[in-house]
Amino acid sequence: MVADGAATTTPIPVRVAILGASGYTGAELLRLLSSHPHTSIVALSGERSAGSPMGSVFPHLAFGPPGGFVHSLPDLTTTAEVVTVAQAGAVDVVFCCLPHATTQKIIAQLPLDKVRVVDLSADFRLRDVDTYAAWYGAPHAAVELQRQAVYGLTELARDAVRGARLVANPGCYPTSAQLPLVPLLSAGLISPADIIVDAKSGVTGAGRAAKVGTLFCEAADGMSAYGVAAHRHAPEIEQGLSDAAGAPVDVVFTPHLVPLARGILSTMYVKLAAGVTADDLRARLAAVYDEEPFVHVLPAGAAPPHTRHVRGSNHAVMAVVADRVAGRAILVCVIDNIVKGASGQAIQNMNVMCGFPEMDGLGATPVFP
Amino acid sequence: MVADGAATTTPIPVRVAILGASGYTGAELLRLLSSHPHTSIVALSGERSAGSPMGSVFPHLAFGPPGGFVHSLPDLTTTAEVVTVAQAGAVDVVFCCLPHATTQKIIAQLPLDKVRVVDLSADFRLRDVDTYAAWYGAPHAAVELQRQAVYGLTELARDAVRGARLVANPGCYPTSAQLPLVPLLSAGLISPADIIVDAKSGVTGAGRAAKVGTLFCEAADGMSAYGVAAHRHAPEIEQGLSDAAGAPVDVVFTPHLVPLARGILSTMYVKLAAGVTADDLRARLAAVYDEEPFVHVLPAGAAPPHTRHVRGSNHAVMAVVADRVAGRAILVCVIDNIVKGASGQAIQNMNVMCGFPEMDGLGATPVFP
Amino acid sequence: MVADGAATTTPIPVRVAILGASGYTGAELLRLLSSHPHTSIVALSGERSAGSPMGSVFPHLAFGPPGGFVHSLPDLTTTAEVVTVAQAGAVDVVFCCLPHATTQKIIAQLPLDKVRVVDLSADFRLRDVDTYAAWYGAPHAAVELQRQAVYGLTELARDAVRGARLVANPGCYPTSAQLPLVPLLSAGLISPADIIVDAKSGVTGAGRAAKVGTLFCEAADGMSAYGVAAHRHAPEIEQGLSDAAGAPVDVVFTPHLVPLARGILSTMYVKLAAGVTADDLRARLAAVYDEEPFVHVLPAGAAPPHTRHVRGSNHAVMAVVADRVAGRAILVCVIDNIVKGASGQAIQNMNVMCGFPEMDGLGATPVFP
Amino acid sequence: MVADGAATTTPIPVRVAILGASGYTGAELLRLLSSHPHTSIVALSGERSAGSPMGSVFPHLAFGPPGGFVHSLPDLTTTAEVVTVAQAGAVDVVFCCLPHATTQKIIAQLPLDKVRVVDLSADFRLRDVDTYAAWYGAPHAAVELQRQAVYGLTELARDAVRGARLVANPGCYPTSAQLPLVPLLSAGLISPADIIVDAKSGVTGAGRAAKVGTLFCEAADGMSAYGVAAHRHAPEIEQGLSDAAGAPVDVVFTPHLVPLARGILSTMYVKLAAGVTADDLRARLAAVYDEEPFVHVLPAGAAPPHTRHVRGSNHAVMAVVADRVAGRAILVCVIDNIVKGASGQAIQNMNVMCGFPEMDGLGATPVFP
């Protein structure tokens, strides 16, 4: 169900700041917000590019009508300066695209009574700070804030997001895995044991830092697994599935890097609960997402979902197939990793927090081919 | 200069039909029109898929909010049926994406007193029907219509387009070549002799027909020239340049197929008129396109334009560089071949014909990465 | 262990014919055989291109030194004609790259007392003709031949291949799955239950037929699963794993199409037998493949295998990782699907059948980047 | 004409050292030399990776038969150490893949009486040291050596290369441009004026250094021109064309970066000398390259050359087309930029210098798809 725009008490347009705007998720936030009817961009930070116009960092953001959106974007500045502006009450919403660990300290300086924050880093996703410390190699630096943070898998946390001041935006892989698995576990339709998530991601997931491994000549026309049995998104997925199951759930999770820019495809292998069929799983998901603008459950027999069909959009498309092996089903879910898996869902969360229609800024049709 | 929306006398929304909607340009028209505020899609034709929903031909057009744009699209039908509907006065604008030759006969059946037509085929681009016959291997079948057709290179033909009933939408290569060259020839700043256009196109330009040559394994990780000294866009470019120069202009034109989906990059080699510098060329183009929302002239010293920076958008970006060789300049122009080079410019022309703001349906920021 | 060249009694050079030489596996056989010291190509068939030189079907086979390999290739002819030539005793080895079903009837016409046959189709891979009929939709047309056929997963069937007249060359996915799994099941190190194979393939696997789904614009920059719970390679994998386990084994198998030309990566999820560790699995595989020229087991802690590192070569590289979830391991195996997964293994089998060193024609270093 | 193997007086195998072996050209030298019958690799340098095995820098060089080529490769060491080894007389041939400027100083330390050197950098390509200084921003540091250096465009400089101690291996773009243009200028068949070279290169040309601009997400699915009117290969091309014409020749040269790993396609626009036809140009090139194993001139009417057809090989393929515009012709030449445009031609030069057959190490068929 989409939030009712009438419910909003937020002054329009909301004044938006983006911390860490010089990476791919920052650029994608701006691309999407350029069509948002109720926002204005008031501050952008990027340490290394402070003082530069966004068009010098992302030329595709330099072209538009005279006086249009891109020409009214503020130049990049330092994160510290944006924090000061926010403390002065000149910002309503902050999107944080900073690296983990850094993020905690910065957000701790933001006046949450004045600003709403959507954090795209991993810093506030794990409720258990010990789990955070174990996976991120350092104790959590903002334990109090962690308690207030709401995990923003929008469709499954809409009410909590609506009242939140700080939303932890889900990771890309966890979004593609939890959207299908959570409703099935919460309904007891699949076994909490032996859940396997084999995920494939496009290269934008690796970010814009210059590394040999993501050079065109290294990444194109080839693929590999990475972070096998050691990826930080595993505990995030397990947290969501355990909540849904009401008991600890272990997940076998393997990410892979494939030669495309945008897209995640997660293939999930599950065991059916006694007496349950794949059709029951599909019916459950179809019912849960029936009214959702962004989540789509394919009918039985449809061609499996293709990442090209959600490219550049906030859509998630999933399919359920009965396996040849008795008592098993195979689930497939595709998203655009930097839209529904990052910047798109972040704007969706902002829309819910501010009482805007959830489609605002997210209505564009997928780009194909 | 953008047309003033207030000037329109067109009933809103205009009722749009697309002939040949099952190809890439048809799909792109729908993607762009999904964000147009003043149109409704009333008919879509595709002979081989008649009776099917668009979502079965283009799954990326199947996903949207319940009751939204994509769910209100009519199923595909035959071209003949759409013609009947148009004759009955139930259509205001027809976009024609049919193959050349076929197109002439179909458009001849449309009531131009009732409908405005934007033809994306090559059938009405060449004013000289003998030239058409020579290049297309058959006499023109609608010579009368040809006389009424307006060549719709929007920025350079806005007034004629405004009053047109039939617009011949320019080819992708000719758009990328004429936008920079026409204003330079009309001002006498470059020689009409020895103009060379070396153009590179993405694979969408080859259409959606299944051919071995455009299979992934044949087109990826390689490139070639094609239609060398024999491509049908050469006479179209020469027509525009000759009009601008006021005398016949020959153009050396070589197209190339490169492994990307969307984008055309044309590199043009010209000789400067006596006493003219590359800066003069740049100043001329900057002045001509100063107020244009979609055409951008890079300043001296800027990085050359990249097709990724206009991907999915209606923008054209051009640069002028003084050559090392005295008396010469090099021009580079990039567009998205299926937007500014086809469906985007077609919608821009419709906007002008209907008196809508030219940005309607075309305001999206380029998709990068 | 590589076969000893001294053992051969085959007259050199062996006269080779390729049936169905106008597809990717045929072209790859020729690319590899061009460096084979003991073969000469005497006949090539391709129905639609009969009468044409290979260079017109595959231009990359047109370039070489005057009088060299490519210039001595016979023109394409009909399959019937090649069968006649073989019946006349003018061929020693036949590689069959024809579609399934067709293959059975053709091979039944070949004089197996005179020619050795390596069949790259699926027609003789499944020992149980009822299973064949169930998956391929028609009864097997050469049941007697099926009994003589040897399944040619070379490293694990060398002795049987050495004496074979008809070798069924394994499928690409089954090769990547059985090389790691068979030795583990035969040693009882993993459970025969809950084995999951999530496989990703490059687009060459779809062949050279012109189809919309494998056009550059449809396959590039995107991915999808296909044949979910319904792919014909599943029973082939289960046959090999059941033989190894000495009891029926079910396999959960999902293939995916990813945007690269060459490469298969299979990720396998297994449960460890009681008291067994991932190190035990790795040690077993390392011991089995210790002397093999083409199969490589990565040490613990090495970066996961990348398909780019075997591109264009007959190598298979595998890794074993202990999962975070107790009692589980994750296996990854990469091959070039048209070399070790098809044409390369076919030549390796020919080398064993003829008593040639197994590296003959297969010694080239992988192509990177 | 291929050098006669019998002519050699070089002790076999020749002991090869590669300076700067951790880049793409170094890796490609090793890939090609792995099939060379008369060389052994005795030293490899890579400053940042000194002490590491090549397999850790290039995993594709880690896989081969036990005791085979890759397992006998020496670990990487420092350039200084390799120089010492060469001074001690333990090296016969040095391939230098170091950055320009550095190269001059290193080669100056090599004992040219004992070692033959093929330099893949730009340091010794420009005969005029003032031109070098103007384009490379510093005076040449080894003017004496420069006088001894032979420019190694093999087919057109075979005799000079045979006697050389130091060969300057041509640049990738200059190789693709000079092979067709030099024989036409030397025969006076085309005008030395208005020669335009529009060149497109794959991304390997940018090397393996981690830069944002060559990341997969920046380079894939897009293209741009670069170094417009300012690329250092322009004076190199002009040097060769001026020698051929016997008078100074200016060249308009524009390089482009396209999203593929290997391949250069140069499109050249020339004016015919009086009374000359395109057929005359083709006949001249066919006569010049008739006996060459690596250079191929397509017949009139053939499909234009495709980089995929030379991928991974040392072949160059060219075509000549009569332009529509009177008195003009269009030439197209394709090569693999890191083979014929770098490492392959370097080995070809070594073969000539050592009196080996030119095909040694270069006989592999192109890799397609």
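Labels for the chains are A, B, C and D, by order of writing; each one numbers its residues from 1.
The rule is simple: a residue touches a chain if its C-beta (ideal position, glycine included) is under 8 Å from a C-beta of that chain, and two chains touch if they have at least 3 such contacts.
Composition by chain, UniProt nomenclature: A, B, C, D = N-acetyl-gamma-glutamyl-phosphate reductase.
Small disclaimer: the values here were computed from a predicted structure and weren't measured.
Trainee: Determine which of the two chain pairs, A-C or A-B, is joined by the larger number of C-beta pairs in contact.
Mentor: Here the pair linked by more C-beta pairs in contact is A-C.
Trainee: Which chain has its C-alpha centre farthest away from the C-alpha centre of chain A?
Mentor: D
Trainee: Can you compute the centre-to-centre distance for chain B and chain C, using the mean CA position of each chain? Integer Å is fine.
Mentor: Chain centres of chain B and chain C, defined by C-alpha means, are spaced 47 Å apart.
Trainee: Averaging only over C-alpha atoms, locate the centres of chain A and chain C and give their separation in whole Å.
Mentor: 40
Trainee: From the mean C-alpha coordinate of chain A to that of chain B, what's the distance rounded to whole Å?
Mentor: 36
Trainee: Multi-chain contacts in chain D: which residues touch at least two other chains?
Mentor: 24, 204, 217-218, 220-221, 259, 261-262, 303, 306, 308-309, 311, 369
Trainee: Name, in rising order, each residue of chain C that touches chain A in their complex.
Mentor: Residue list for chain C touching chain A: 194, 196, 198, 200, 202, 217-218, 220-226, 228-230, 234, 250-252, 254, 256, 258-263, 265, 267, 269, 303-309, 311, 319, 321-325, 328, 330, 332, 334, 369.
Trainee: Which of the residues in chain D come into contact with chain A in the complex?
Mentor: On the chain D side, the touching residues are 24, 203-204, 208, 210-212, 214-221, 259, 261.
Trainee: Which stretch or stretches of chain A touch chain B in the complex?
Mentor: Touching chain B: residues 2, 24, 27, 30-31, 34-35, 58-66, 68-70, 204, 220-221, 261-262, 290-291, 293, 296, 303, 306, 308-313, 315, 317, 359, 363-369 of chain A.
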